[in-house]
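These notes concern the structure reproduced below.
Naming follows writing order (A, B and C), and every chain is counted from residue 1.
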Amino acid sequence: MRAPIVRFALVSCAMLVVGAVRTHAAPPPPVEASAHDLPWDDGTAIEITWRAPESATNIAGYRVYRLLSTEEQKRALRDRRVAAADVAWKAAYESNTSASDRIELATAAATAAAERAGAEGMPDEVAVGTAAANALRYVAAPVESGRAIAFRVRSFDADGNESPAAEAGSAAATIEIFLGTRAWFFPLLIGLCAIIIGCILLARAGRPIKVRRIAGLDAIDEAVGRATEMGRPVLYIAGVQDMDNVQTVAGVTILGRVAKIAAEYDAKIEVPTARSLVMTAARDVVQTAYFEAGRHDAYNPDTIRYITDEQFGYVAYVAGRMVREKPATCIYMGQFYAESLLLSENGNAINAIQIAGTAESSQLPFFVAACDYTLIGEEFFAASAYLAGEPTQLGSLFGQDVSKLIAMVVIVAGVILSTLGGLGLSMPKAASDYLANSILAS
Amino acid sequence: MAKAYTPGLKVTARTLHRVRRSLPVAGEVTVRVGDRVEATQVVARTYTDGEIMPVNLANLLGVPAGDVPALMLKRAGDEVRAGETVARSRGIFGMMRKDAVSPSGGTIESISEATGQMILRGPQQPVEVLAYMPGRVIDVLPREGALIENEVMLVQGIFGIGGEAFGPIRMACDRPDMRLEASMITTEMRGAVVVGGARMTADAIRRAKEVGASAVISGGIDDQDLRDFLGYDLGVAITGSERVGLTFIITEGFGDIAMATRTHDLLASHVGQEASVNGSTQIRAGVLRPEIMVALGDGAERAGAHRVETGGELSIGTAVRVIRDPHFGRIGAVTALPHEPAVLGSGSKARVLEVRLEGGESVVVPRANVELIEE
Amino acid sequence: MMDGSSPTHTDPASKPAIDPDRIRWILATDCGSTTTKAILIEKVGNEYRQTQRGEAPTTVEEPFADVTVGVVNALTEIGELAGRRFIDDAGNIIRPATETEGCDIYISTSSAGGGLQMMVAGVVAQMTAASAKRAALGAGAIVMDTIAANDKRKPHEQIQRIRELRPDMVLISGGTDGGNTHQVIQIAELIAPAKPRPRFGGEYHLPIIFAGNRDAAPRIREIFRDGFDLAVVDNLRPVLEQENLGPARDKIHDVFLEHVMAHAPGYDKLISWADAPIMPTPGAVGDILQRIAERDRINAVGVDIGGATTDVFSVFGGVFNRTVSANLGMSYSISNVCAEATMPKVLRWVHLDMDERELRNRVKNKMIRPTTIPQTLEALVFEQAVSREALRLAYLQHKEFATTLKGVQQQRTVGDLFAQGSASHSIVDNMKLDLLVASGGVLSHAPRMEQTAAMLIDAFEPEGFTTLAKDSIFMMPHLGVLASVHPRAAMEVFERDCLILLGTCIAAKGHGRPGKPCFAYRFTPSVGAALAGEMHVGDLKLIRLTEGQTAEAEIVPDRHFDVGAGPGKPVRRTIRGGTVGIILDARGRPLELPEDRADCRARMTRWVADLELYP
């Protein structure tokens, strides 16, 4: 510990001698430094605070050091010795190319270098970061949780001269139940929940909630009717993902509606699936729909079958089926990837009415181009509320829309604040920083 | 036009009336020409075909429609009971056979190989036609019904609700301009044809239904009361098939309007006698008005009695009733029949007549707005 | 949707060929359910004019049971008026015409005995069943019920219904060619055992027209082999993208003549008299309207409001549609109009103070005594208010029915991403409407023509420039049939005697706050001084322009309003005058009246004064 100081002093003296002009003494150390656990965190940070020394004018900032434990010191020493030995060994080995005992020479050089390095003594601290002159606080993170760690703080001036250390003592980082940085999350959550619940209650109380017409869903009647008149089946694809995908769930929900209409019209519905679980779910939904329509005798589970998990194997089957059976109506509702255009182009070629719905934005343009109607993202998820017309679902849909509206307002406000901040106004800048770093960061 | 033909309602003390009683579909006639019949006697009877129920056997069995006839255990024309197996699939090598059971009892009408459906006809429903009017059978329409004739007192109403009903006449109002209130209807009026006076109140109708009166007759009714009683607003005047628990007839019109004195007197003169009432009304081409009739005891065909013909000619002195506001419901005698059309208060031109109302007041009304009061 | 083909389908070879130029005397009758109306058309100079008319009660029912008795009575009346003998001593029409007696052409339409009553069936209610309904309505039938696989009724309920109805004939469609056979046959299998009984006579086999999937025809023939009279015609919807109503419509006319008419009393004689097939009255009205629209290249709407029903006919872009609103009428159905429209809606057209409870009783009294006429002004105002609602509802039904085909594939581009409209829409567009023709008692017998015009404008809400006219004595059916044998005579009479021009309505589409500017106008009449001014939102103005006169009109709408060229775009046009004149309507479209009764009355009072509706 003494060595660096000596060296530092020597360097300082040299500068004093050489520079002569910049004769500044080291700045005074900070006072009342203390380390303590950062409250409301996940136990990976320690906060170090201090006060500025009085009558200090030349402080450019503070540097925070962590005191190393004995173990760490030993490990650091070992690392240094090994590194020094490596360098020495390599240098000696390469410089004595002709000597027959070059290995022995190198070994000796390495040993010596290691001894030298070991003799230099070991630093007991490591800098963890700096804080600006006006910041009297530093959060050290990440740190090991639950172990006491000691810190010290030094001030430094513009030339990099450091003051003597102010010991901040030690503290251990502990985990708290709530995370302070996410504090905004709580009121936001409560607020959004309140909006949605409020809307549901309103809807249940009989307040009419209007959902705009979704042409694609209204067209289901017509599409199934077409299939009926043409005596051809309705082909329904609920995406290529499993039941854990929310789009598949939405697709199967809409299948219920389609199946009910098909039951009423006595049209045949075919549902090839790419996942076995989807098949089971689809059978359930379709059977229920047939029962609701009072046509339980017309339900045939064999038309809802599992094909293969293999994406293109599935597509090959469906495309082949389309060309052979020429369904009058094809409905695609779920998660789609490359198969979107493969399927819908096939459907278009056989002159089927096609209705697609997906939240996969990259596939939407293909569907729009090839299909008669396309449900876009949110419309697709809103479908079940739209179809059921049940107050709870409608209310929740309305509540979500209100929440989205609030988000939009916040985005617009943020953009405006940020722009004003960029123009050099401090108030908007602070506000936008707070919005971005505190409210939204949560 | 040389003749002024004007519709009217029949209110007559004695007329020879003939009713045609026929089945909706061919059946058996239970009376013979010359028989004397009572009002509630059955004159013809038949069975209508039972309800038809299609059963999709192809789906129940899981086979193509074309295979269904071959899999039937029953043939067309066979009787089946509910739950009886009617078809069985072949299954796989005789295993896993599926049975199709009949959802209800009936007769198999047909089995289609195009749709895989079995058409099941339910049990037959008996249909009986009553004589409605006591009298003598004067003609039998083979397999259809009979013509019955008698001398009757006949009162036609303007509008009624409910179908045929029978019962003795009981007077609830002493005067034709008395409103028919619930308090006037007593428990002795059970099964009776209750005659009121002016407007019948909603409470009165409800009360009549409570005590089990078979029909209520009065001058008018408020539209609101009718709507409350029926539970819906009547759109077109085609009635008779309502199931409201009693038949009621208004003789004059909607609103607070007194029954014509003649009508009231005539009904009063038959108190206690059995009446046949029908509320069925159809105001379309081929108009049907509700009616109340009492068969006159002897039933002998009398000379001079005539068939009912509604409508007649207008001439000076004819008794008419004004049937549109502003003098709605008033009765008077025609005093002049100007030939030229006159301009009405509304600005329209129409042919009119002059009426001296019962109060002595003389008014001009369009000819379309009066109806004859027939003798 | 209708192919516009002429309905002359029975072979007229049995009649002597008609040389159009030598025709001088034409007699036409329309046998309605209560009255038989006859008109005489004479060649006066070089043009045809309707000169006399006569009427007599229809004699289909007992005691006469011969429709020709009424026809002879009506023709005799005409003969007396014209001073010419048309009926010989044996009671036959004298033909051909000589110098002193007889006529050259006799034609007739009929709606006696309730007209042609049909039941139609199809697979999907909005597709083939709708096409079947259009075919039947276009042929002039009354559609009693439409059976479809998806009409939400259980099969036994459908059968019950089929049994209750006693149609004159049944039209079955369903399936595209090569498409659905299963359900088509299923429907036939429902109808056959239900054995609907025709209205006339027990020995009469019910005619069935099959216009569905041709693949199903052999099986259909089998099903209806016994006890029915089956005719198979081309599919109404050979593919879903196309509607082919012509063959079915012609077949309906044939069957109407051969079966229905032939069984009605006296009609065999009437058929033998007539020089053209006897048509159902509404079918003939549709024909003449189609011809006029075709000739003048206009879009037209015709309405006939009766006691029990209201018929609406429209021709838009050459496509003909007809609807019958069965329970919207002014006498038998008046109570139903009030129930369907609700009393407050009716009362919004009334500027006088009226008691609602009292009115309800009056409505019911009119229902049970349908022949009465309003005597007081108050009663007239109320009746005309009801008629506005009846017409409005009938037009609404018409708009819903007259749509483009359903079940047709759409083509879209990525540009349509956010504007995906519904595929099928109403073809009725008030902005494109050129001619609105009114007929029926309450419209044609209104004491003032202004009232007729006001009822039409309030009920139909025409937009832009619309010529208003009324059928003077309900001559359109006669002319419809006449057009098939002598088109020139029909057209000339239609122009000169049939239509009474009321004037032109100019209405701006859009909404604005009352009192704000709506449009500026400038009229340069053919005779007289030019006239200019400005209309404000909520205003209604009547400018007299007598019949035969025309005017150059220039309308410059405010930027929120449209008079045909788009919002804010000025329009110049030559407009025709009439017995009423020009009606400028700045009340906005869709027309909205204040909810508050007092407010609404105040506004109506102003409008009544503006149009000089009532004394």
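Everything below uses one rule, namely that contacts are C-beta pairs under 8 Å (C-beta built on N, C-alpha and C of every residue); 3 or more make two chains touch, one makes a residue touch a chain.
The structure presented is a predicted model; accordingly, all values stated were derived computationally and were not measured.
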Checklist entry - Which chain has the mean of its C-alpha atoms lying nearest to the mean of all protein C-alpha atoms shown? => result C
Next on the checklist: Between B-C and A-C, which chain pair shares more contacting C-beta pairs?
Outcome noted: B-C
Item to check | Separation of mean Cα positions, chain B and chain A [Å, integer] | outcome: 77
Checklist entry - What whole-Å value do you get for the distance between chain B and chain C if each is reduced to the mean of its CA atoms? => result 33
Item to check | Centre-of-Cα separation between chain C and chain A, whole angstrom | outcome: 66
Item to check | Residues of chain C touching at least two other chains | outcome: 181-182, 186
Item to check | Residue numbers of chain B (touch at least two other chains) | outcome: none
Checklist entry - Which bits of chain C are touching chain B when the two form their complex? => result 33-34, 61, 114, 155-156, 159-160, 181-182, 185-186, 189-190, 193-194, 219, 308, 327, 332-333, 335-336, 338-340, 357-358, 360-377, 379-380, 445-448, 614-615
Checklist entry - Which positions of chain A touch chain B when the two form their complex? => result 297-300, 302
Next on the checklist: Which residues of chain B touch chain A once you look at their complex with the stated criterion?
Outcome noted: 55-56, 59-60, 62
Item to check | chain A residues within the chain C interface of the complex | outcome: 213, 215-216, 218-219, 221-223, 225-226, 228-232, 264-266, 294, 351-353, 364-365, 368-369, 371-374, 376
Checklist outcome for this item: The chain C residues in contact with chain A across the complex are 123-124, 126-128, 149-150, 152, 154, 174-176, 178-183, 186, 213, 237, 240, 406-407, 409-410, 412-414, 416-418, 420-424
